[in-house]
Amino acid sequence: MSRDPLRVIQTSVTQSPVIKTDQPPSEPAKQKGRFRPALLLHEDHDLCPGCGEPIAIRLMLEVIEELGQAQNSIGVIGIGCYTAFTSSMDVDLVQALHGRAPSVATGAKRMRPDSLIFTLQGDGDMVNEGLQEVIHTAARGESVTCILLNNGVFGETGGHMTATTVLGQRTKNSIEGRDADYHGYPILIGDLLAQLGGTVYAARGSVHDAAGVVKTKNMLRRAFESQLEGGGFSFVEILTMCPTGWFVPTAEGPGYLDNVLGAVHATGELKNHERLVTTAQLLAETRPSGP
Amino acid sequence: MSRDPLRVIQTSVTQSPVIKTDQPPSEPAKQKGRFRPALLLHEDHDLCPGCGEPIAIRLMLEVIEELGQAQNSIGVIGIGCYTAFTSSMDVDLVQALHGRAPSVATGAKRMRPDSLIFTLQGDGDMVNEGLQEVIHTAARGESVTCILLNNGVFGETGGHMTATTVLGQRTKNSIEGRDADYHGYPILIGDLLAQLGGTVYAARGSVHDAAGVVKTKNMLRRAFESQLEGGGFSFVEILTMCPTGWFVPTAEGPGYLDNVLGAVHATGELKNHERLVTTAQLLAETRPSGP
Amino acid sequence: MRTVESRGTITVAVDRCKGCELCIPACPPQVLRMSTDRNELGVPYPELLPGCTGCGACLLVCPDFCFEIYQYETPVEYEVNV
Amino acid sequence: MRTVESRGTITVAVDRCKGCELCIPACPPQVLRMSTDRNELGVPYPELLPGCTGCGACLLVCPDFCFEIYQYETPVEYEVNV
Amino acid sequence: MEREILLSGVGGQSVQLAAQVLAHAAIHEGRQVMLLGTYGGTMRGGSSESTLVVGDEALISPPIVSRCWSAIAMHHAFWANSTSKLRAGGVIVLNESLFEAEVDRDKYRVFDVPATRIATDLGSPMAASMVLVAAYAALTDLVGVQSLVEAMRESVPSYRRQHLESNEKALRTGYDSVEPGLAPAWKGDCAG
Amino acid sequence: MEREILLSGVGGQSVQLAAQVLAHAAIHEGRQVMLLGTYGGTMRGGSSESTLVVGDEALISPPIVSRCWSAIAMHHAFWANSTSKLRAGGVIVLNESLFEAEVDRDKYRVFDVPATRIATDLGSPMAASMVLVAAYAALTDLVGVQSLVEAMRESVPSYRRQHLESNEKALRTGYDSVEPGLAPAWKGDCAG
Amino acid sequence: MTRRLMEGSEAMVEAAIAAGCRFFAGYPMTPFTEVLEHFAAKLPEVGGVCINAESELEAVGMAWGALATGARAATGSTGQGLALMQESFSEMTRAELPLVVFHMARGQGDYFQATRGGGHGDYRHIVLAPENVHEGVALTQLAFELADRWRNPVQIYGDYLLAHTAEAVVIPTSDQPERPPKDWAVDGSLGGSGRSRNLNPLGMEKGTKGIEPEPFWKRLQAKHDEIAKTETRCDTESTDDADVVVVAFGSMARFARHAVRELRKDGARVGLVRPITLWPFPTDALAEACEGVKRVAVLEQNGGQMIDDVRLSILGRAPVDPIGGISSDAAGFGIGPIFNPDNVRERIRGALEGREVAA
Amino acid sequence: MTRRLMEGSEAMVEAAIAAGCRFFAGYPMTPFTEVLEHFAAKLPEVGGVCINAESELEAVGMAWGALATGARAATGSTGQGLALMQESFSEMTRAELPLVVFHMARGQGDYFQATRGGGHGDYRHIVLAPENVHEGVALTQLAFELADRWRNPVQIYGDYLLAHTAEAVVIPTSDQPERPPKDWAVDGSLGGSGRSRNLNPLGMEKGTKGIEPEPFWKRLQAKHDEIAKTETRCDTESTDDADVVVVAFGSMARFARHAVRELRKDGARVGLVRPITLWPFPTDALAEACEGVKRVAVLEQNGGQMIDDVRLSILGRAPVDPIGGISSDAAGFGIGPIFNPDNVRERIRGALEGREVAA
């Protein structure tokens, strides 16, 4: 738990009336959003306060529903904090071992070529333990969609460094910050995957703010659509907050994501069929002044 | 054996005298080259006629000798046809499992930071079974040199497709030629490695002709030098002939290499400290008219 | 005193809120603030002030599925002390 | 008849040769050709004609370590029927 | 002789720190100790428990016990586990300020210590667990107050160094807040 | 009854093909067969051997034998292994054109067939192994010539279809080149 | 039903396809390579898929995915490659996936790997060890049946000799028993309904929170107990009046059988017990066959592995002695000099004479 | 020599470093994670290196490289992660590398994995199972000694309780016995001389052609026989007059010992045998301790694995019954409800009364 129980919450207290929000409004109103996406069986989960993973999972489920694929999808789930959602996601699932989801997805797709097959993995799962699996799956051009929840740490085991941890980032086993000489450099997995012949779509989004969430949802939609068109491998990386693993106060998660992870793993589309963009180019465009 | 025993050798028979070559010349002459490099215990080996791997191994051993590293080198050897040379290479060696050499090299380097540590691997070994190892080792910026003998097939087990086999290439299990839809696309491993933060040197050479051999030797020298300077990860990929695995007549190996493998895995330097070049750029430069 | 119009409103599942505060900066008109009270989990939760536009940004960023969003057919007005 | 100068020469370990022919096209002055005889392994091996420059290209491409290279202090001349 | 002590409370109440302080203090006094902390749930407000065994010589007790000699309760929330293991006649030292459950005062020797109030009065409400273990130490003579203070200095992680003073004050105040030796640990045999 | 046949020669002499033709022919004639080919070395010119067992019913022999009833030798080079396994009185059919080793003609029943010469005369020197197995078949009555021809048609890989005719001619010529039934396989018990 | 001459690897692949196998993934390694090659050539002809996986880890993962959709699917390798699959093997057993594994071993040194596994926790694979190509065909088809029946992985333990020996075999076609419906598989159709599935190795149920491994694992254990009770298979020959019973499996048993018959001809009182299932080991059948024998001689091509199971069956009622041992060719592919009828007969004769037989 | 309160994971890491371990690589997994964390924190302080490897496969490979240079080096994981290392484990045993493995298991279900392995071929690891943190320290140091002495991997089989229980321990410093010189290691200095080395698992020699695995593997087998003869370790208590002997290892033995002492107080004739080396299993010591007993009760937290070794030791001379079973907490980390003194005592009492004890 990163939240310091002694920290006093600072809110701007105005004289305004506080509006009752414990039930739907009595005035005539149209419901525009529900607690949970249709494809979630219940809202409860044990993930930490301020974790970005549930936000990403919502998006993914919404897109599946919106594309009419609720009854035509098989998800292959890695091992990480998000695994807790396997009991509440209302799509058919296969639990894979840590790192192994892309191969499992491959086998499923080859036997059910018309189903929407996706993986859900963390950065530890995909870029550490299972790096080879996802690269080979992309090179092979499997028509599956791999979704990466990238928080730059192993959340589940307590916040250790992964292959995407950015330089200087403090983690449980790089307590002075990731040091290039001792720990090496982060891998920009999106760049590696985008350039492979079998990849048709690759993008990197983020859930640190509402605009990021909206953009990320569009990426997920495009990725799934590419798969349904049968083209080849598609990939969406989603930067998610892990205040617990980052040792930052919960509320500072989004800012830390944007300033630290986002300054290296820049968001944007990396490949859309013929168009190929590198992270370096994205960074130059979106953060011309540098991190 | 790819060589058809019935094929008649066509040589241009002239009226010239055939010069005796069974012993050194009696006329005063300076010896410019010896049968085997100094660091090879004997010349015998069981590799196929026309195999490119012994040529590459010669270069590697010559460079080690020339850099004065004969008594300061540890080679970590993968599993493939070239493994047969572990009994004749006169440097300290560690035999690794198929795919695992880069990690073994890492452990050795960390304990002996001043030694020249290199791996010798085939494409099956490095780009199939152990893809993840070499990428992580490069990202980590380990000061080791990984040497890839890339013939686009598993030679040792009989010529099956690997992750570098180019489209259309016939192999034992892609007998109609590698088909992108069924088998996926080749991986340009040099490009993946060059772009990683921990890589200081990456190049792709070839032994299909004498000029290629000379260039490749320079690449090996630069790679080893980068390591000795302590900079980070270095990598040399060497395209080698495997007439047996390619199902082509032995003498056609070099041409096949150049026209088929070389048209995709273009040769040249991919990274030299700050300078980064992609294979696509190399192709545009060296084969402007396309394969 | 001034009048503030709410074009929309929300319901909040207070007892599911883990108090992460992600919703607070996400709200474009800045009409969410953390309570001084604590919920069953022992943490403060968001309270709504007048001026909600029903944009759903809070819902988008909340990791705990605490929000429902409504858009009024006719905006509702509140008197506010500034 | 014409005179051909050899600036260098080679020794060939004939019985180690596997007959791959890689040395033949590698030789810049094209003075190597495959024998009609066969060696212990049952394959033809390279024969040297006049005109060797001692460049060592054959050595560079031979997978079986069959070549030694020499450069003459004074070039040697051969009479050749064309 | 071996004494089992179960500490329990709610995550965030420094139950584990209190257990460590007691353990380190016992080591200072030459005893053998064994300590196993367990946490329930991933959220703040989950259970925090610790099993501590202190003895004269090589311990026989495994790290999870079925019966125990005494219990320290910072809160009633996760008290059920402790109470199920306590031997009849066992010693209970509870944080009167927060503890709201029923306790069979005939079966056990119960001591109420207003630990949170004492700590709040000292200006450091987070040091309530220090008050409580110190009171426990005094009541049972398990360890002396000086050992506790030194043990606390060892146990507090470096990034919490600013709390050393207030913790020491809490320990000393807690130790003095009860009548010492009412339930001696090292005299007589295991109660019940 | 089971008959073990060891075929041997030098890589490139089509020893394995010959063994397969014999095996397929035996299947045609309703027999059980077992066949295991082994190669020595990676280079051309290494050994090429094959163990074939043919029998009336479920075979008892394992795929590697210690003793055998007969041997077919395309060349003397790797002959030692066969000769060490041959039972006294065993049948040897050898390629007289190339075979240059000593054979104990008192101990074994030896038949010399100039297989390479016959094949060369037919214009297809590579079909020598066909000549030799056919001669073997005739001498031992192991299988008939028609079975051999059909078996050959099944065994030749598709990219060698151009050799079907010459192979057939080699088989028939080989079959007719010896006096049939001199060393019958299916009469009497295992020699030696 | 024509007989065709096929090497074991080809025959078993044909048998698998006839049994409905539609997916295979593998990575080459001698002597397993030909199994992969035959699947690669033949599966597309029946609309199946064979992937030349980039490694053994990926191969087993692909099989996992194919199995999850309800297809009959398999992978394989030699012991080295299977070593890499151990985590998947144990978890697939827990996920109750009917995997079939073609293990073409480099000899018999992988008995422990096959029967005890190197995964974590309590799990077992059914292990079938064919003696020859005919049985290779039959046991391949049985493997798919058993895998489905028990929802448990089944390994076929072969070796170089099985893979490379050709015999004239008949591949039985689809007179297969009715297959149990795979009401546990995922086809993607059950989302959005609350009845979607989660195929997992932890016993995790949809709609609940947390997992309860203990009852789940105990249920698996009970299943394994049931398999152990009902699925042992064993072949005995001439044990009734035997002084010495030889125990051997797979290719080694072929040599043992030959020797036993030859020795019987000489009047020796020797019998053979051949476990067909290495797990569950035919403990009872072996114990029964060895009642009253003077000695049990274990002929295995390794340093002594199956002998544990033999001793566990005999439990001291007769001396149990090894007459096999480590034996390898120069390439390490597993065709050691022990595979020689004379050699084997001498070893058994040694046991008959009460001599100690050197490995 | 001050006593310090340390959790098992920390104490064992300190013991390893005091024993000269200078390299560690691992990948996090509960309950092994803290071992990695402590190595990561402490090794750099002594000039050593700890790499947060990107996977278990890479971790074991790195340890391989470090060991090859002659350093004392280790890796570790839980059973799941070790499953991935099986190929390396068997080949490192053949390459005779003195690897030390910290196995912090999720319970005792990995007994087969530890003692039989899931690698290929014939090989064994020495397996040490500490009962408590004090012994964890001692056996860690012994592990490095044995690994070097035998040039063979040594595993330390611990679990959640061992890793997380804190005790006041003393870490013995460098009063280590003289270390044998590593005249087999490679330091890069021997090239160009004809005496360069090739550290390999195949018995391949420099300057020769081809390999000769059989004699090489037989030599390893002989080494393992020698280890089995000389390195068994076993702890017995109150077995002299016992009617029932309980056999248990590791954390489970802690509970068994407690129960045996309590039951002895009540006059029950019960004893304890605790194998300290799981391989080599203390067959003789166990057989001796169980002479004349009415029953041997095997208390292990799994579906029945060590019981094979117990039965192989007793060979029918007394009934051998399981009194443990599968037992897990909800997270699957291995602290099942069987770890309860009352529960254990009742199980042993059941064995004393001749009742069948349900798992």
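All chains are identified by letter, namely A, B, C, D, E, F, G and H, in their written order; residue positions are counted from 1 within each chain.
Going forward, a contact is a pair of C-beta atoms (placed from the backbone, for glycine too) under 8 Å apart; a residue touches a chain by one contact, two chains touch by 3 or more.
Small disclaimer: the values here were computed from a predicted structure and weren't measured.
Path length between chain E and chain H in the chain contact graph, taken as the least number of steps between touching chains: 1. Farthest chain from chain B, judged by C-alpha centroids: E.
Across A-C and B-G, it is A-C that has more C-beta pairs touching. Relative to the C-alpha centre of chain A, the farthest chain centre belongs to F.
Averaged Cα coordinates give chain A a centre that lies 67 Å from the centre of chain F. As a whole-number value, the distance joining the C-alpha centres of chain A and chain B reads 39 Å. Chain A and chain E have centres, each the mean of its CA atoms, that are 43 Å apart. Shared contact sites, meaning residues of chain E that touch two or more other chains, fall at 43-44. With touch defined as above, residues shared between interfaces to two or more other chains in chain G number as follows: 54-55, 80, 87, 202, 210. Of all residues in chain C, those touching 2 or more other chains are 18, 43, listed in ascending order.
Every residue of chain H that touches chain A in the complex is listed here, in rising order: 27-30, 33, 36-37, 40-41, 52, 54-56. Interface residues of chain G facing chain F in the complex, by the touch rule stated above, are 3-5, 132, 161, 164-168, 251, 254-255, 257-258, 261, 335, 339-343. Chain contact summary for the complex, chain H toward chain G: residues 78-84, 86-87, 89-91, 105-107, 109-110, 112-113, 116-122, 202, 210-214, 217-218, 221, 224, 302-305, 308, 311-312, 315-317, 325-332, 336-337, 359. Within the complex, the chain A residues that touch chain C are 3, 9, 11-19, 21-25, 27-36, 40, 43-45, 47-55, 58, 207, 209-210, 213-214, 241, 243, 250-251, 253-254. The touching residues of chain D, counted against chain B in their complex, run 4, 6, 8-14, 16, 18-22, 24-26, 28, 33-36, 43-44, 47-50, 52, 54, 56-57, 59-74, 76, 78-82.
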